Structures are given as C-alpha cells and as structure tokens.
Amino acid sequence: MARSISQRRKTINTVLAWSLGLLIFFPILWTILTSFKTEGDAIAYPPKFLFFDWTLENYAIVQERSNYMRYLWNSVIIAGGSTLLGILVAVPAAWSMAFVPSRRTKDILMWMLSTKMLPAVGVLYPIYLLFIKLGLLDTRTGLVIVLMLINLPIIVWMLYTYFKEIPAEILEAARMDGAGLKDEILHVLTPMAIPGIASTILLNFILAWNEAFWTLNLTAAQAGTLTAFIASYSSPEGLFYAKLSAASTMAIAPILILGWFSQKQLVRGLTFGAVK
Amino acid sequence: MKMTLRALLGASVSLALAGGVMAETITIATVNNGDMIRMQGYTDDFTAKTGHTVEWVTLEENVLRERVTTDITTKGGQFDIMTIGMYETPIWGKNGWLVPLNDLSADYDAADILPAMAGGLSYDGTLYAAPFYGESSMVMYRTDLMQKAGLTMPEAPTWAFIREAAAKMTDRANDINGICLRGKAGWGEGGAFITAMSNSFGARWFDENWKPTFDSEAWANTVNFFKGMMDESGPAGYATNGFNENLSLFQQGKCGMWIDATVAASFVTNPADSTVADRVGFALAPDNGLGKRSNWLWAWALAIPAGTQKEAAAKQFIEWATSKDYIELVAAKEGWANVPPGARTSLYQNPEYQKVPFAKMTLDSILSADPTQPTVDPVPYVGIQFAAIPEFAGIATDVSQEFSNAYAGQQTVEEALAKAQALATEAMEAAGY
Amino acid sequence: MATKASRSAARLMMAPAVILLLGWMLVPLVMTLWFSFRTYLPLRGGDQGFAGFDNYVRFVTSSAFWPAIGATLTIVLGALIITIVLGVLLALLLDQPMWGQGIVRILVIAPFFVMPTVSGLVWKNMFLDSVNGLFAQVARMFGATPVEWIIDQPFASLILIVSWQWLPFATLILLTAIQSLDREQLEAAEMDGATAWKRFWHIILPHLSRAITVVLLIETIFLLSIFAEIKMTTAGAFGTKTLTYLIYQRVLESQNIGLGSAGGVYAIILANIVAIFLMRIVGKNLDR
C-alpha cells in the first residue's frame, strides 16, 4: 500500500520535474535546433521543430568568417588563469578569516563584496588609461588580472564559508600532535577543502567566461574572447536567426559541456555557508 | 618559435618585394556589414600584393563605435585602421586625431570619389577617411502589391502618396504591412530615420543659435505623421524594429514598402536570401514639396589614427580596399550587384554597373543629398540624419528613446517632444552652447 | 584558541587579497572621483578644468535620473522575488525521489552557462519578437493576437530574461540547503499529523532562511549591474533605462566622462545603501 503510493508520487514528481526542466532548457534547445536550420526554416510559420532539412551550413559560414579557435583559446586561458590566480590569493585570506577571525572580519568581507557594486562602465576610462600606461591593452595578462580582481570577492567569500564549516576540533587535534602551520594547511585542511575549492573554481570559471564588458572593451585583435566573437554576430544584415543561433551555440557549448560534466562538484560545494 | 617563423616569413616577403617597405601586420577595426565581411575574404589579395598581413577586429556597429571612440580619445593605439562614418570623421579630423589622406597615389585617383562623400569625410577641405562604401536612403517597394493596389509609384513620391499607398497595400489577413520603417531607439537607428524625415517636413534639430527646436510645429507634424502612418499600416512592434528587423520582414514578403539605406537594395534583390527578389522597385525618398527630400547620406570609411607606427602600410591598405581595382576584383568574383556601392563616380559610369537595377536610383539619391544644407531653414551644423557635433550622439539617443516610447503608445507624441526639447536643451547648455 | 603567532600569520595571509582589492577599489575610485569634479569631454579635447559639483547636480536633476532608479529597483526586485520563490519550489521538487534526477538537474542549471549577450539576443529575436518570435507564432496558431512583449511588457520581458538566467543559481543553492535538512525531524512532524503546508512553513522555510539570504545578497550584486540584456532588447526605451544603462549612455554615447563619473559615484552610493540594508538582514542571518 505505502509502496504503491510512493510509486505514484514518484511518477508525478518525475513528470512534473521533467516538464519544468525541459521548459527551462527549451530556449537553449531551440537555439541549438535553429542553428541547424536554413534561414528560411528558422522563421518558418508554423515553426518547424524537428522535421526540417538539417544543415551545417551556418557553422561553415561562421567558421569561415572568424577564427573561432583563437577566441575559444583566449576564453579558456583568461577564464582559467584568472580563476587559478584568484584561488591562490583567496585561499590564505579565506583561511585566516575562517580560523583566526577578528572583530573586523565580517566588515572586511562585506567591504570586499561591495567593491563589486561599482558599475564597470563608470570606470572604463580610468582603467583604459591605466592599461595604456601599463601596456596591458589587448593582452591576456591584463584580462587575467582584471577578471581575477572582479571575481576575487566572490571567491574569498565562498571559500570562507566553506572553511568555516570545517570543525575547529580537527585543527586543534592536529596542533596537539605538533603540526606546524604549513602542515596544518597542506595536510589537514586542504584535503577537507578540496570539494569546496573545486566548486569555487567552477563557479568562477563560469563567471569569468561570461564576463562581457572588460573582455570586449580591453581587447582588439589578440586577446579577444568568445564574447568578442559574439559581438561580431549580434546584428548582421539580412536573415540572421540561424547564423546567430550557430554562433551562440558555438559560444556557449564549451562551458555548457564543462558545466554538465562537473555539475555534481558544483552542486556539492555551492553552499556559501548556507548549510549548517 | 612562432615569432621567428613569422619574422622569417616577413623577411623573405620583404626581400621578394625588392626595396618595398617592410612587411607589417596591421590591425583593422571594422563593422560586421556584408561588404566588410566580403573584404575580409579578399585579404589574401592585399597580402599577395604588398606583403603586409592583416588582423581583423569585426564588431557590431554600436560596439565598434564605442570601442574605436574610446581608443582614439585615449590614444590607446590599438588599431592601425578604423572603420568610421560621416559623423565621426569631421569631429576627429578637427581634433587632429586622424592622418590626412591628401597624399594618396595618382593611380588611386582621389578625384574620382563622389563629391558628396568626399565632402562629408573631410574637415576644412582635407580628406581624413576614404569611403569604402556610401549610401543614401530610398523607397524600396513591391511592384506586385503596388499594382494590386491600383497605384503607380512615381519616381519622386510625396509623403501623402506614400501614406495612401501604404494604407491600400496593407493586408493584415495575409500578414502584409503597407510600410516598414525604423522605430528602434538609438541615434543610428530610429533616430537617423526620423531626423532625415523631419528635414522634408521643414524641421531642424537646432536653430542658428544652437537652440533645439523640438517645440516647433514642423517636428510635431513629422512625428505625428510617422506614428499615424505606422499605426495604420506598419508591422506589429515597429517601435523595436531597426534596419535588420525591417530587412528581414521585407525579405519575407511582409512589407509593401520600406524606406531605408540604398545598400539594402542588393539584399532585397538577391534571390538567395529574398523571397521577393524579382518584385522590387525603387523610388526617391519622399518629400513634402518644401524643397528637401527625406533621404540621408552616409559612408563607412577607413581612417588611420594619428600616431600609429604603421602609417605607410595602413595607407597601402586603404588604397587597396577603396580602389577601382578592388571593385573590379569583387565584380569579377561575385558579380556587379555585389560591389561596394556609392563611393566612386567611375562606378556609375561603368556600363556593366548601369545594368544593375538599383544603380541609377542609388546615385540619384546620393546626388540629391546635401549635408551642408540639410534643412529648409538654415542651420549651424553639417549632416543630414545627424549634426556633426560631439554632443549629438548622446542627445539623439535620449531623444530617440522618447520617440520610441511614443510609438509604443506609452506617452503621447506631444509628451515625447516636450521631453526631447528638455533633454536636448539641458545637454546643449551643459556643453556650453 | 588563536595564538599571537597565528594571528600575525593570519594577517600576513590576508594581506595579498586585501591589498589587491584595496588597489582595485581605490585606484578606479579615486580616478572616478577626480573625473567627476572635472569637465572631461574626450571629443572636445579632454580635460576642460574644474567643474565643482556641476556634474553631480546635473546628473541628479536630469529628468532621466529618478525613473532610472525606479527601473533599477523594479528589475532587481522583480527578478529576486521570482528567482527565490520559483527557486524554493523547484528545489523542493528536485529533492523528491524521481527517475532521471541527474538529467533534470542538468536541464535546470543550463541557463546559468549562457552569456548575457547571447541570452538577450536569443530571447529578443527568437521568442519575444512580435512577428517572427516563437511566442507570437504559437499565439497565432491558437488564433490569438500576438502580444508585443518588449513594447507592452518591457519590464516583464526583462525580468523574465534575467530570472531565467539566475533561477539556476538560486535553485542550486537552495537545493543544497534542503538536502542538509534533518529528515528525522520532518518525519516526526509528519507522524504528529502536521500538514505538508505546516511542515514547509515551520520547518523547511526557517531552515532555508540562510540560503535565501545568500541568494539575495549575491544576486543583488549581479543584478544591480545588468546591462547586456537591456541593450539587446529595449535599447533603453520604454522606461527600462536603469542607472547602469544611464551611466553607460553618459560615458559612451554622450562622451561626457565627468557626468558619467558623477553617475558612477551615485551608483556606488545606491549600491552601498542596498548593501547596508542587506547586511542588516544578512548579517543577522549569517551570525546565527
């Protein structure tokens, strides 16, 4: 009896969740489907869902027009570099905030977050002038630094909340055993913190990947990322739905695939101290 | 490794050129229009001829404008050539930010550039940017629908005729809108259209004392006429339609008429993209009998920022890209209908090009536009669909947003004009006029 | 028990992050403040001298200022409410036993990976467009008149797009929180005859309050500065010009750096008001 009720509930849950999931995913699915249509089919009425002449033409056109691999590589380097650099800076800071808190810890955290609230366009000229002085315009190094700084507050905060969940008793036990600060971090904390660090890396990689203001405004021919790639398709002449879809699919596919493979990691660590 | 390879390659090419300039790599910022995309495809021809290589930065129009403006005003030096328009060129030229193009080679034949284009791309008589292609605006209409409506399009229609024809061609049941026009916010979108249109209604942006004149009757007539006609015969949601949206609608056969850039003629008559390619006619942009038509004048041109280290190579590129030879190269490979139009007089004297259906009307439209005397009443500025002062882009974006709100019915035309007047006055006072 | 040594070591370890962020904040901030007191017009040759408080007065007295604040708050609040309410419901559902849970979770997270520019473009052209958009086509199939979404419902359209992008984030965090709930407590309540609603209201929701606060804080930070979605859909028309968008227009369209910088300072002030307000709630919740 109880079993059949739970079976029925499970069925209802499944149907409901799948419908909602597909509804949320639909815009992406539709974009991917459209990228395989001819421009005519893309705006056909009534809309064609699956039964149309599948074509790779749009991808060929997009590939011919722009050097996709260079944009992709730049995106990988810049998103990856800024995330790793950010982690290097943030781990010690978050560690000390979590385990040696002072009265000002919370204020410092909040202040760090508040630096994210300055609208980017408001500081475009200052940063641009600074980049000219430092010779960082259109370099991947420059963007790695900027994106690292932009996301640093989120990284610190995420790690801080994660570290705080590690029971202090474990550390004390390690200290009793005579472990130094280095051992404490390397052999006790780090293994425990790996899931948290992993999901922090993932989240920041995604945020850096999708950053579209600085990556567009501080680059020219050398360091342009996929956001610059998209900016050359955003309103071309003529019928453009299918080509736009192809370019969009190419821009989001790498990060989507990465996200899917790592979603378990992402879910496990994405708590921001929300779980106690 | 890569570097040495490139250096070696460069060295061998420059040796091959025997005494030519060193091979360089130039960076060019350009807009993602069809003609520019085509030009990128021919870069190899330029490299073969000069040994220089090219890095392209292709961006959507608005992004491009922001990007190059930031770079030139801060002297960032990211680009060796920038693609700019008639609005930027005189302002930048005046500030000394561009390399004068008055020493181009004799082969290039600078005198062949259409005078209207050369005029709009010069400051104080010096050419600062070479037109890659030029455009005016004109009426494109469906010959079959016009016939069905029992009307004949005159070569130079009036606004009254256009409105009447639009109403008669409209067939909502079959998804046909009599007329499609730009209503989208942005000074280069709906702002450009309504400004050019206002000239034919006797309106102007500023009077001789730089006072905005949105409180004038002529402006009220312009915007009311536009909104009235579009509400009667325009497509749903026209307040968000710009060039691309309208092009797409016209190609799908959903517009009876479309008044827009002359370059669109080659897209709507191209059977590969357009379902109505064989049924398109052309006419001059309408007027009201006041002596000014509603067509604009624009050129996408190539300019060299002052201070670039690669000025010689950049000049070579400009001479290549805007030359007669380049036009012939494109004509030979893709047909005359696809060459960049509106830049050179000789193109319109070419008997082959004269066979292209829209060639004559494009030239007539360009010739009937005069940026130095754009309006019925005198004005202190140059430019038809814009006023070539630094403040214009900002003001016109605000103003066009107010107009779009009125098209959408969120405020009346009178409210929009009053707000436009206040915004423009505020900005002009701030700028010290 | 932190020793003196570990305290100073802690300071040392915090130093790089703090110094970097301090620099990142101070350098642009000082430059913004400097520019905001200058008449700085790049197209007129750059710095034209001291402007006093002119830029500040002009920015705040502009007829566009208060509507921009209103538009900003509307979009931020709208998206926050939708993502949190739907996020809680979705998280509750995803926590239930079902077939293919992993795949559903993947489907739900996907929008988070889409760049704002792409999602603005795709939504505007392929869904909301009143002629060729899918919504209009579906409406026509049922014989209804298509809604002109971006024109008639500009805020609803924008909130829809932004919520779609941020719902995955909210759902993920809330789901992690729900999964840490004490199951025995719930079962005991069920035994005692507590209805589903009562269990939700008295046990689940209080348990989620921390997670909700976190979502609130992080999303607010990102939502205050949304830009690409507006640019791609309404281009600032129909009353959707937010403070960020207004500053963008002043800096890049009007090329008035002084005025734009003053706007930037106002934006910092607004952000800090919101931050203090949030800290009141968040701080309390996080301390618990």
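Read from first to last, the chains carry the letters A, B and C; within each, the first residue is number 1.
Please note the rule applied: a residue touches a chain if its C-beta (ideal position, glycine included) is under 8 Å from a C-beta of that chain, and two chains touch if they have at least 3 such contacts.
Owing to the predicted nature of the structure, the values given are computational and were not obtained by experimental measurement.
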- [ ] Report the topology of the inter-chain touch graph, choosing from line, ring, star, complete and other.
- [x] complete
- [ ] Find the chain most remote from chain C, comparing centres computed as mean CA coordinates.
- [x] B
Open item on the list: On a C-alpha centroid basis, what's the spacing between chain B and chain C, in Å?
Closed with: 37
- [ ] Would you kindly tell me how far, in whole Å, the mean C-alpha position of chain B lies from that of chain A?
- [x] 38
Task: Centre-to-centre distance between chain C and chain A (centres being mean Cα positions), rounded to whole Å - done: 15
Open item on the list: Touching at least two other chains at once: which residues of chain C meet that condition?
Closed with: 42, 132, 252
- [ ] Note the residues in chain B that touch 2 or more other chains, in rising order.
- [x] 66, 70, 74, 248, 252
Task: Multi-chain contact residues (two or more partners), chain A - done: 43, 124-125, 129, 231, 234, 240
Task: Touch list for chain C against partner chain B, complex - done: 41-46, 54, 58, 62-64, 124, 129-132, 136, 146, 148, 150-152, 231, 233-239, 241, 249-250, 252-256, 259
Task: Of all residues in chain A, those that touch chain C in their complex - done: 6, 9-10, 13-14, 16-18, 20-22, 24-25, 27-28, 30-31, 34, 43, 45-47, 89-90, 92-93, 95-97, 99-100, 102, 106, 108, 110, 112-127, 129-130, 149, 152-154, 156, 172, 181, 206, 209-210, 212-213, 226-227, 230-231, 234, 240-241, 244-245, 248, 251-252, 255-256, 259-260, 263, 266-268, 270-276
Open item on the list: Can you tell me which positions in chain C touch chain A when the two form their complex?
Closed with: 1-2, 6-7, 9-11, 13-14, 16-18, 20-21, 24-25, 27-29, 31-32, 35, 40, 42, 90, 93-94, 96-119, 121-123, 125-127, 132, 134, 137-138, 140-141, 164, 167-168, 172-177, 180, 210-211, 213-214, 217-218, 221, 224-225, 227-228, 232, 243-244, 247-248, 251-252, 257, 260-261, 263-264, 267-268, 271-272, 274-275, 279, 283, 286
Open item on the list: For the complex, give me every residue of chain A touching chain B.
Closed with: 39, 43, 64-66, 124-125, 128-129, 131-132, 137-138, 216-217, 220-222, 224, 228, 231-240
Task: Interfacial residue positions of chain B with respect to chain A in the complex - done: 27, 29, 32-34, 37, 40-41, 55-61, 63, 66-67, 70, 74-79, 242-244, 247-248, 251-252, 264, 267, 273
